[in-house]
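Presented below are the structures under discussion, each in the form of structure tokens.
You will see chain A twice below: alongside chain B first, and alongside chain C after that.
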Partner chain A sequence: MDRWRAALRPALPLATNHLGGDDKVTPQLISVVTSTVAQQTARPPWWRDIRILRVVVQVAATAVIGLILYVLWFNLTNNMRRIGIELGFDFLQQPVGVSVTGSDISAGSAVWRALVVGIKNTFALVVVGLPLLTIIGVLVGVARLSTNWLVAKAATIYVETLRNIPPLLVILVAFFVGILPLPTIQDPVEIFDLAIVNNRFIAVTGFTANPGFSTFMWIMLGALVVSAIVWRWRTAVFDASGKPHHRVLWSLGVMLGLGVVGFLVIGRPFELSKPVLDGRVLTGGYSGLGGYFAMLVALVLYTASHVAEIVRGSILAVPKGQTEAANALALSGFQRLRHVTLPQAMRIALPPTINQYLNYVKNTSLGIAVGYSEVTLIAFQAVGNGRPAPQMVLILMASYLVFSLVISAVVNVLNRRLQLVTQ
Partner chain B sequence: MKTTKLLAVLAALALVLAACTEAADTTTTLGDPGTTEAGAEEPTTTAGGGEEPTTTAGGQAPAGDTLAEVQSRGALNCGVNDAVPGFGFRDPDGNFVGFDIDFCKAVAAAVLGDPEAVEYVPLNAQQRFTALQSGEIDVLIRNTTWTSSRDGGEGATFAHTTFFDGQGMMVRAEDGFASIDDMANTSICSLTGTTTEQNVTDRFGDVPFELLTFEDNEVLQQAFLAGQCDGWTSDKSQLAGVRSNFPDTEGGPDALTILDETFSKEPLGPATRDGDTQWSQIIDWVVIAIIQAEEFGIESGNVDTFADTEDVNIRRFLGLEIEDDEGNVTVFESGLGLEPGWGADVIAAVGNYAEIYARNVGPDTPLGLERGPNSLWTDGGLLYAPPYR
Partner chain C sequence: MTASDTVDIQIPEESLQPIEPGLRGWAWVRRHLVSTWYNAVLTLFMAGVFAVALWWVVRFLFVTDFEILRVNLALMMVGGFPRDQLWRPSAALIITALLIGVIAGMATASALERARQSEVEFTAAGPLTLVRRFWPLLVFIVAVLLLTQTLTPWLIAGASLVSGVGGYSIGRVLPSAVRRFGLVLVVVLLVAIYAVLSGGGIGWDQWGGLQLNVFLTVAGIALAFPLGLLLALGRRSTLPALRVASVAYIEFIRGVPLITLLLMGIFVIGFFLPSGLRPGNVTRVLIAITLFESAYIAEVVRGGLQSVAKGQVEAAQAVGLSPWKNMRLIVLPQALRNTIPAMVGQFISLFKDTTLVIIVGMIDILGASQAANAQAPFLAQGLHLVTLPFVGFAFWVGSYTMSREARRLERKLGVGER
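The block that comes next holds the complex of A and B.
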């Protein structure tokens, strides 16, 4: 009897329910049911068998997707061949034919080298932009919740203005209003010899490496390790004795001390390099083109307005009891923010912020509007000069995908570290 | 004239999505949306595509008798530009005016005896060859550069060049650059994805310079105005157009100088469909006649005064009676299929090359272009008319 019941349960749940409890099964009912089951065999027909259907559906779905991809691929290659567009990626080795601003790419350089310059230029926007927009976003987000009327309103106006304008418009405004009106290169503004500002580029004092710089970098790496050990030691002291740890001061002090020692031992491994403008030729310092700063300012401000909203929402999402508890402990407003509210808000804010980071990366492709040689501009430049568009679009997609995946990976690791272990 | 990035993306998409039917749409894959629109919103082309059922698949134009077709229709369908001042443009009254337009009129005068019997079909750069291939227009006269791939791949046949253009450099007069050789380390603006970029890179060679490229002419102009770039490079005729419209608040046209040097070849001329040799030759010889007339000194104003000329070459050109040594009187017949004396009709209608040039783009017009290479060969230019005999 148990054997029948086991067979019945998956196939005829209603029947088994109808049969009720174990000991109320009448022999008559059993005989009716068992006879039908015997006729149908223990398993339903294959077109109703969930185990088969599962496999069949998955195979079919895969086949359909594969077919669609195949048709698209067939169309692409066939149409390309018919129109006479070259297949393959051999063109990457051919000369690019145009010079690229702010790089050593000239007419004879290979196409792939120009693309690498474009990717570097995109990266230059990303690596500076993401930290900047995070800082501005958090500050504005906190400011929107400020009890100071002026601060809160200013932050609101900032967010609501930028959030509701297409990024291309923000970029063009930054270019026309922020960059072009700067003095010309013939009459630049020089700030104490340390920076040169004109509407072509902005150059600031930087460093140049001397011989021995790599040795110095190894020393600094060692110093980092030592200061990390010192950090742990001070933490241990604090945990054990309750004495103030001052671990930030300690670590920085160790690092700085070792750095100074290394600097003196090697003998000037690097030195200051001031920007010098001779006619139109700039030497020394770090410099960025006008288009770069237009892009950076516009995209950072634009994306920060979105991040600010995320931060504000996340702070509001921290349970009110947390704030009340902090108040009960007589923490100051800043201490409450620093130790109670923000750490918890951050956990909520991080996942949606990744989206904004990715949007920022994708929006850098608008650099073509203001003549900033990021990867999209380089790609379209090459397409305009006879390179095959389908392959170039594929390369562009791949570049942005890599940017996005790396950023997601980094932030996701961070996210995992931040989540409460107990949850 | 130049590929835009949007087109590139659309083309890429079209390549992926276009169903692979080998028939019918071979020539229109790249320009689909454009051409359909052009057909739809252009009611002036009644005589065009509609009555051309002979248009075959694969873009191979009908090797038909375009001349007979144009004459029976009573109007010439001329593909033109409507946005380049001096070359092809609509005046405030909506009439087409310009250098290229005058050549359309010349063809109409030669073929139909009436320079006004022209249906103008405004086309953009991407539409123009499709319009030609599909038979929507009889001749394309739209500042089109003669290149080998267009002659070959686009199925067009180019006629005698009407305007020898080339890429030039425009600078601010106050900067005092006299030559591109003086412009080391300068910043040059151009449009993204154009042959212009390649030409200027080649021109500078090893001389360091910064190339700033913009997608949009308006942004480029603002950057140039603000001094972000020292030079603006494009086709010289286009630079002349920009210069002639330069705002007075910025000093007007005199604030800008177009350097003499020309560093690319852009021969602009009419194009016809492959496969109708007679028609192509007619277009060829209309252009040649206009050049020849300048060489003869025949103008629209004085063409009648040549009736008694003794010069047999001119008598042939104008279709006048010629008496040979035996006293036989004949009229020169070129065999092109046109009425004798069509040369006189053309000159009476639009004038000779010098007149067309002076009227549309010459020194007295806003464009103010010197003749330069567009002078007669006798003046050191490139205009050379094969003999009319």
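The block that comes next holds the complex of A and C.
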């Protein structure tokens, strides 16, 4: 009888409920319990069986989504046939119908070539902007926590102003305040022969490649590898003996030295090139269009204000004991920031910062406001010139998806490394 | 652009306390302005920057000729709204004030009641507190009124004030039995606002100016919310088909800029519809915004769903709630309460993003600013530097006020503190 009791104990409350509180194991009780257990283990009717319901719901959902997509596709093909637009991507070979300033794209160039130029222009904004906005964001974020009251207030005003106005407006302000009032191209400002500034473009002295430049690039790549090895060696020395490692100095020195040697051996693989304006034609140097600088400055400042907020929050989220410990070790304010607070804050800050990077990339699509020919503007103009809109928008979305995926992939790898290293 | 503008980082309360509270006078100056020589240099430099900035602001306010704003004020506020029907937006404004008043009144009343039940001190915010909290809004309203050329806007502002205060008193005295159906009242008033604005054969395709920005924001969030909720539930579902579909949609939308969706709305949506259907531009833009925003709201709601402790769901299962009741009575109320601050952030970023409609040729407040600068008397005089700051101020007032209120609410709700 005791074995019965033990076996039935889990079911007892249930059974005694049925029998009105009597917890003696009687045949009646056993029959109630077994029937309850049987009820629970038997398969319910199929319309209440979770295993079947799961399948049914998924099939139904797939069917509904499929149906919606089918209707959309049906309408699309139907409408396009009716209007007489082709479905495929042959139009990429047709002329784009607009010329793009600052490139060799004219009205007769193929659509795909114009799109490639647009993607390059978008990339030019991204590749310069992301490092810039990171630096400004970190500086302002740290400044917001400064003990210097004026500095903290200035940083707060900057953040609270920029964060709360639309990026499109910031771009327009940058254009109308920073670029348009510059002198015209007929009467440009030349700064010591090194730079030309007017409201069409800004050109600065750059470099041009001579024969042998590719060899030089290979040498520099080798130098990079060597300096990485030197870095590891200095780290090993530091780990083993505790002597100061001076990794940065050593690596940079080795790299620069090898670069100078390579430069001399090949014999001027590149040289300075000054911008020269002849009428309206610019040659030499590095140049960017006014729209580019307006976009760059506006979006960097706008996104940096968001990054600054993230940096500030992350620094504050570092446990206070860390700061106190750093103070107890008599680290200076800068040392505390550099070695204790920022490395820990970085881990917290990285995921939301990735979001801001992606926002920056997406905001580069606003070049249309100042006539900067990034990929969206070119797609917009091509559609305006009769190229089929559905395919163009699809290509446009795909190119931004690729941008986003690449950036989040890169930063995610970085993130994983950071998290692992510090755990 | 969009994506969460809010920063989801938990800051411990102690970090927000000043390091050495209670410094006064010269000690404060020494500590906060000239503690080291480089701090002194920084202070001097920043003082210079502040002086220049102040000089600019003063010069802007007192020297600039605001004629372009005066002439185009109606364009900025309501765009191309038929000028003989301007009483409609005015009436809508007065009803909006009533709506806000009623909500505030009801919120105060229920807060008072809860405070009485739990025997804690609670005093409703007085007018002075309100001024301190909403001063940017007040400054904006006064600025707009100062730019008007007739008396009518002053009368409308006065009427709005009266109806707001009236609504507040009504909300305060409503018995709690009626208050339970407050949402119905809010919806009725919202419908009334819409009816007044779109009556007399004026469709929303004739709306413009700041009114269009506000409409697109409110309607976009309202339409995207149910969709976003479904997507969030789909993303957390254990059914692979639903999960994959939701994740694909959310990640696709989050990977592309809003403007590509707007272009799709303007140029492509027509292709997807049966050939007879030709929606107007505002409708197209609204569809694009809804599709876009639902993905972001889905992520916000997902965050809220994740914040609900697992024990809550398990406890609900243990007392025998069905999955549906579990979701409706246990999970969603807690999850949605936790999403309020992030949702406000989403609201703010959509508010800023509505300016993108100028790219597809609509006259919102930013578009009105551009249009004003293309008018013959104001062409090519650099007057963008007058109109753009005004537009920027309008957005700043809205976004800053909302984000501050959201932070207040967050503290009050104690989100993230449990």
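Keep in mind that, in the parts below, the second predicted complex is superposed on the first by the 377 of 423 C-alpha atoms of A that agree within 3 Å, B and C clash if a C-alpha of one lies under 4 Å from a C-alpha of the other, contacts with A are read in each partner's own complex, and residues count from 1 in each chain.
In the analysis below, a residue touches a chain if its C-beta (ideal position, glycine included) is under 8 Å from a C-beta of that chain, and two chains touch if they have at least 3 such contacts.
On a predicted model such as this, the values are computed, not experimentally measured, just so you know.
> Using the superposition on chain A described above, determine whether A:Ile191 touches chain B (first), chain C (second), both, or neither.
Touch status of A:Ile191: no partner.
> Counting only touches as set out at the top, which of chain B and chain C does A:Gln381 meet: first, second, both, neither?
Only chain B; A:Gln381 stays clear of chain C.
> Which of the two partners, first being chain B and second being chain C, lies in contact with A:Val406: first, second, both, or neither?
neither
> Is A:Ala389 touching the first partner chain B, the second partner chain C, both, or neither of them?
Touch status of A:Ala389: both partners.
> Could you look at A:Asn75 and tell me whether it touches chain B, chain C, both or neither (first, second, both, neither)?
After superposition on chain A, A:Asn75 lies in contact with both partners, chain B and chain C.
> So, A:Lys320: does it touch chain B (first), chain C (second), both, or neither?
second
> Kindly classify A:Thr101 by the partners it touches after superposition: chain B alone (first), chain C alone (second), both, or neither?
A:Thr101: touches chain B, not chain C.
> Which of the two partners, first being chain B and second being chain C, lies in contact with A:Thr62: first, second, both, or neither?
A:Thr62 sits against chain C, while chain B stays out of touch.
> After superposing on the shared chain, does chain C or chain B touch more chain A residues?
More residues of chain A are touched by C.
> Tell me which partner A:Gly279 touches in the superposition: chain B (first), chain C (second), both or neither.
In the superposed model, A:Gly279 contacts chain B only, not chain C.
> Show which residues of chain A both chain B and chain C reach, each in its own complex.
72, 75-76, 78-80, 82, 172, 176, 180-181, 368-369, 380, 383, 389-390, 393
> Under the touch definition given earlier, write down the residues of chain C that touch chain A in their complex.
Listed in rising order, the residues of chain C that touch chain A are 1-5, 7-12, 14-16, 19, 31-33, 35, 39, 42-43, 46-47, 49-50, 238-242, 245, 252, 254-260, 263-264, 267-268, 270-275, 348, 352-353, 355-356, 358-359, 366, 370, 382, 384-385, 388-389, 391-392, 395-396, 399-400, 403.
> Please output the residues of chain B touching chain A within their complex, sorted ascending.
2-5, 8-9, 11-12, 14-20, 22, 26, 29-30, 153, 185-187, 189, 192-195, 197-198, 201-202, 204, 209-216, 219, 222-223, 225-228, 230
> Along chain A, where are the residues that touch chain C in the complex?
54, 57-59, 61-62, 65, 72, 75-76, 78-80, 82, 147-151, 154, 160-161, 163-169, 172-173, 176-177, 180-181, 306, 309-310, 313-314, 316-317, 319-320, 348-349, 352, 355-356, 358-359, 362-363, 365-366, 368-369, 376, 379-380, 383, 389-390, 393, 396-397, 400-401, 404-405
> Would you tell me which residues of chain A are touching chain B in their complex?
Residues of chain A touching chain B: 72, 74-76, 78-80, 82-85, 97-102, 106-107, 172, 175-176, 179-181, 184-186, 199-200, 279-281, 290-291, 368-371, 373, 377, 380-381, 383-385, 389-390, 392-393.
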